[in-house]
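Note that chain A is present in both complexes that follow, paired respectively with chain B and with chain C.
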Partner chain A sequence: MKKLEQLPWYRRENFVISLFLIPAAFFFVLYIVAPIPISFYYSLFRWDGIGQKIFIGFQNWSELMRDPVFFRALKNNFILVVVSIIVQLPFGIGLALLLNGGRWWTKPLKTIYVLPYLMSSVAIGMLWRYVYEPTFGLVNMFLEAIGKYHWIQDWLGDPKIVLYSVINAINWQFIPFYMILFMAAMTAIPEELYEAAKIDGASPWKSFWTITIPLLMPTITNAATLSLVGSLKYFDLIHVLSGGGPSHASELLATYMYKRSFHHFRMGYGSTIAVALFTIGVVVSSIFMRSARRKEYEGSAL
Partner chain B sequence: MLKKGVKTLLLYCFAFLWLVISFYPFIFMVNTSLKGRMEFLMNPVWAAPDRFLYSNYLKVIEGGFFRFFFNSVGVAAVSVFLILLASSLASYVLSRIRFRFSGLIYGAFVAGMMIPIHITLIPVYNLTKALGIYDSLLALIGPYVSFSLPISIFILTGFMKDVPMELEEAAFMDGASHFQIYSKVLLPLSKPALATVAIYNFIMLWNEFIYALVLLTSKKNWNLTMGLWNFQGQYSIDIPLIMATLTLAALPLILIYVFLQEQVIKGMTSGALKG
Partner chain C sequence: MKKATLYLLVISLLLGSSLSVYAQQVNLTLWHIHTNEGAAQYTIQDAIRRFEADYPNVKIEEVQIINDEYKTKLMIAMGANDEPDIFMSWGGGPLETYINAGKVWDMTDALNNEGIYDNFLPVALDLGVVNGRVYGVPIVNMASALVWYRTDIFERFGLEVPTTYSELLDVMEVFNKNNITPFALANANKWTGSMYFMYLVDRVAGPEEFYNAMMRVNGGSFASEGFIKAGEYLQDLVRKGAFPRGFQSMDEDLAQSRNLLYTERAAMYLMGSWAYGTIKAENDSMLEHLDFFVFPGIDGGKGDPSNLVGTPGDNYFSIAQKSAHKEYAAKFLGYLSDDTAAQMLIDNGHIPPFGSNIGERISDPMMQKIYGAVSGSDTVQLWYDQSLPPELAQVHLDTTQALFGLEMTPEEAAKTMEEAAKRYHNEK
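Moving on, here comes the complex of A and B:
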């Protein structure tokens, strides 16, 4: 075995390691790691992005604590998290079950079911605008055609329902993702388990609850984590579909941060919202992941 | 027997209902794109076009569609190339060489997946201005590469860990350097994972919106999502025209998906299944 000192410097392990890591580390540090403390630093200033930065201490932060729109956005974000998890995951599992058997129509159906997830959020937003359009939109035209006039709504204009209209479009976009996730996880469940259960006289319903769901649990936890993280930072579709309005009824932290920073050019305050979003995201998802993992351990101990 | 028949019927109903829910908006999109502006307003939305009208598509193309299209292709292609290079180099080290901080560095990269993009927006906006590349396609490449690295390193390191060590041990004995082993042994063996990473990131970057929104202003530099977004503002009353734009914009991804379905699906799930 060669001793380290005998190798020329350019073949030494440490040199090779750093050389190979440099490209990735360069991008990662410059664009992801460094911006985090810098954003916090910006949050201590009043600044329009062009002129002089004025140091104001924690004034942005105390303004944030008194900002009703911020709390509105925070609440909307949590509604989005909860609705996403309780709608997208069950539908994902249901559709995966539906397509799990090898019937002739499963493959073409899977191909079509995935399509919404491939579209960009901007395109989906534009498309759904005309689904929800009050006078000639798809939904209202359909309700009119079947005579349910009293169900007709201004889906994006009514502050009471706009958030749910938008979340509905988000669900439409993401259910296919959870569907393929659960399909992939289901193929890993051995067929023999179901056969054994069938021989023992278990109904399909029972084997779903006693075999499929427990074995899917790690995937369900992962999916819920992904949904949680994604929902906390969600931006695109809301920005296109409702712009957070009317009067902040569908505002999310991300859209609010964007508005304050790039419409009103309050970069300091925008940074404050961004740091808050970051902190809430990190705290909530690490609590969630820790408790999910603990549950898994408890489950495996049984 | 009868009970089973009812169940199957319910199953078909659900399958069909979901088919309508997930596919009808696409039919609506294509159908509307072939109508005239007034025709769309006068007839029910689900009515077939009186005659197929292609003029909307021509108008979209005249409106600079292909400029946006090729801007998107260019940015995504350059970014994906850089992502593959940087993440495969890093993954080689993180999966094949044992060293003190390897776990920590890997953990830091992967934790990047959890970071909301918004905390980087203002600093990156300033950095881009300071570098003098604001409002150019070059501005997008840095953030695009960086935000794709965590998932790419996650997928590639996972894959490379499973590649057996024997081959490179033999190469080492023959005096091959790390770089030779990386480029001649590991990269060729990792082709499937590299393809997954490339396809997944291409789709994500093709659809990316917020960085384009913050870093691009002039029309000649817009990528496709920015083009779409501004089309909406410009032609919001001409719905068939907007639908033609959407159809054209969705087409490339749908084609990729139809031809590379397995890889696309693998890419979308591989970031979520392990770990």
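Moving on, here comes the complex of A and C:
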């Protein structure tokens, strides 16, 4: 009986909630949702951004399908996804393990290791640019000093290695983030489990594999998803460090989209790449999340 | 009664004066790329100071934007109808894009009324003129790409300045044997490497090659023999070790090229004549070892070895169509191109594209030599990336960088460029 009386209240609460959501929803629609169909609309035009738009149908799309740079960028994106997940996550877990204890040296190290994540991408880009400088840079100067002349490389200029040089810097930037994530998850694991394992005679290695990793699994899945989505739309460090070059060797979809739109002033084609990037991102991450969730479910059933 | 009138008087005076001040207060925004101290920055800021002193009701807000980002920023601002009152471009193709979009004010009449039309050298003004109307005026520098070199390194190996291309190759060989990089080049910026390509095209096939291809006349094509051959010459230079390790990722704006010159690791430096002013500001102890020669001619090539690649004005200042105070902006351009401005540019190592008796007013011997080369040349080819519409300019820069990286054959690069040109001009 009482429930029926409360129904108008319930309704009103919903109304209030939606009222408060309006500002956020408005900007979300304006800046996130609306640009997707609008970008698709622009992809049907030849347009330099300030002049007249000329309708050309699906010409941009057929050009995209024949554009080797687009596929190169796509490949680079997937390399970035794979390398990020297999490097950043294990390093994050390793550092978190190392610094999880309360010894006197962990606190200062924690602070130091978090620093890269606190710096802006542009600053990191400039920093690594000087590290990789071919003649006066830190790496090559060091190799010269220890006499390893044949190890000296053109880190950002050689198309065969530039992508990995940049990914190295990206890893450096993001490992601290995953370290924090895993450290937080590790403190949530009850100490009793480890004590019980110790009493049963398990080695630290054994308890790592049978306690820490299984209990970290949800965090690992989340971290992998974050890394996947972040890598697919990654832009800033590449833009500052190599600009996607030389000759598109380190091009990503996002930098390629930016170049076509704002260097070549082909807004139509840039929009085409943007819509393609969005579609690929949605498809890949939803496949990944679905399979990861299934794994998680199976894991908890065990 | 008396009191009331007095109050009324005071109030009306106060209102009146504040209203009139409000009505006259004018704000102008000015965008340019001169983020580093030097001739251009000094001259612009000095002109602003003098102008604001004469017109206290006008305030000019100067915004400096780094070179590589400038075009993008300007284009985005225009797309959002938010362009500054006064802005600069490099004339030619990009300026025409802005004009076609109705963004630029035709200032011909204003220049005549203000009596500043005749300030400018006709040859320099040309790049700011479309269909006989002036949309941009040249301000900064008559600049050409020259081969700067360290005289002390040349002397150390008993070398003469090369006058032909094969002599240049001989000189390069000596440097390479002695672990000195022949040319300091930072090619992440792409326009830096483009200078080599432009000179090679000119020396191989003459200035008509580019003109015909760009204007789509006389059967001109970017896939022609001349462009392919220039690409071959360029890749030959790369294979012969003309450029430093890592030059494809080095940044001209960070002085990575000149650092090699300063530390005696490189001997030559193909760069615009503004390099004289830059080196003067960065490392004036090197000036005593600094000289230049013009890019040598190729045996059997069509281009005259005195032809230059460059720009007769460097920066072209325009007034936005949507500006509410065009007349003040035009008056300001008068301050930017008067005798004081010309003298200031000369004093800081530039050759102003305006003013009278420029040749006589230059006292610095190096600048006289630059002036001699610039005024003694029949043909000054405007930078490709400023002649071409932005979309094609970018393809030219990209393919040239790929040539430098040996990632495209000269034929592929030429074909890519020609296909882009065909697409741009809607040719089949």
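One rule holds in what follows: the second predicted complex is superposed on the first by the 283 of 302 C-alpha atoms of A that agree within 3 Å, B and C clash if a C-alpha of one lies under 4 Å from a C-alpha of the other, contacts with A are read in each partner's own complex, and residues count from 1 in each chain.
Quick note on the criterion: a residue touches a chain if its C-beta (ideal position, glycine included) is under 8 Å from a C-beta of that chain, and two chains touch if they have at least 3 such contacts.
These numbers come from a predicted model, not from an experiment.
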Which partner, chain B or chain C, touches more chain A residues: B
Which of chain B and chain C A:F28 touches, first, second, both or neither: first
Which of chain B and chain C A:Y113 touches, first, second, both or neither: first
Partner chain(s) touched by A:L138 [first = chain B, second = chain C, both, neither]: first
Contacts of A:P159 with chain B and chain C, given as first, second, both or neither: second
Which superposed partner A:G51 touches (first chain B, second chain C, both, neither): second
Touching partner for A:G243 - first (chain B), second (chain C), both, neither: second
Touched partner set for A:F262, first chain B, second chain C, both or neither: both
Common ground on chain A, meaning residues reached by chain C in one complex and by chain B in the other: 49, 129, 136, 262
Residues of chain C defined as touching chain A within the complex: 71-72, 75-76, 78-79, 97-98, 100-101, 103, 187-188, 244-251, 254, 256, 259-260, 265, 390-391, 394-395, 398, 401-402, 404-405, 407-408
Touch list for chain B against partner chain A, complex: 11, 14-15, 18-19, 21-26, 28-29, 32, 40-41, 44-46, 82, 85-87, 89-90, 92-93, 97, 99, 105, 108-109, 112-127, 142-143, 145-147, 149, 153, 177-179, 182, 203, 206-207, 209-210, 213-214, 224-225, 228-229, 232, 239, 242-243, 246, 249-250, 253-254, 257-258, 261, 264-265, 268-269, 272-273, 275
Touching residues on chain A, where the partner in the complex is chain C: 48-51, 129, 132-136, 152, 154-157, 159, 162, 242-243, 245-247, 249, 259, 262-266
Of all residues in chain A, those that touch chain B in their complex: 11, 13-14, 16-17, 20-21, 23-25, 27-28, 30-36, 38-39, 42, 49, 94-95, 98, 105, 109, 111-123, 126-131, 136-138, 141, 145, 172, 176-177, 180-181, 184-185, 219, 222-223, 226, 229, 232-233, 235-236, 239-240, 253-254, 257-258, 261-262, 267, 270-271, 274-275, 277-278, 281-282, 285
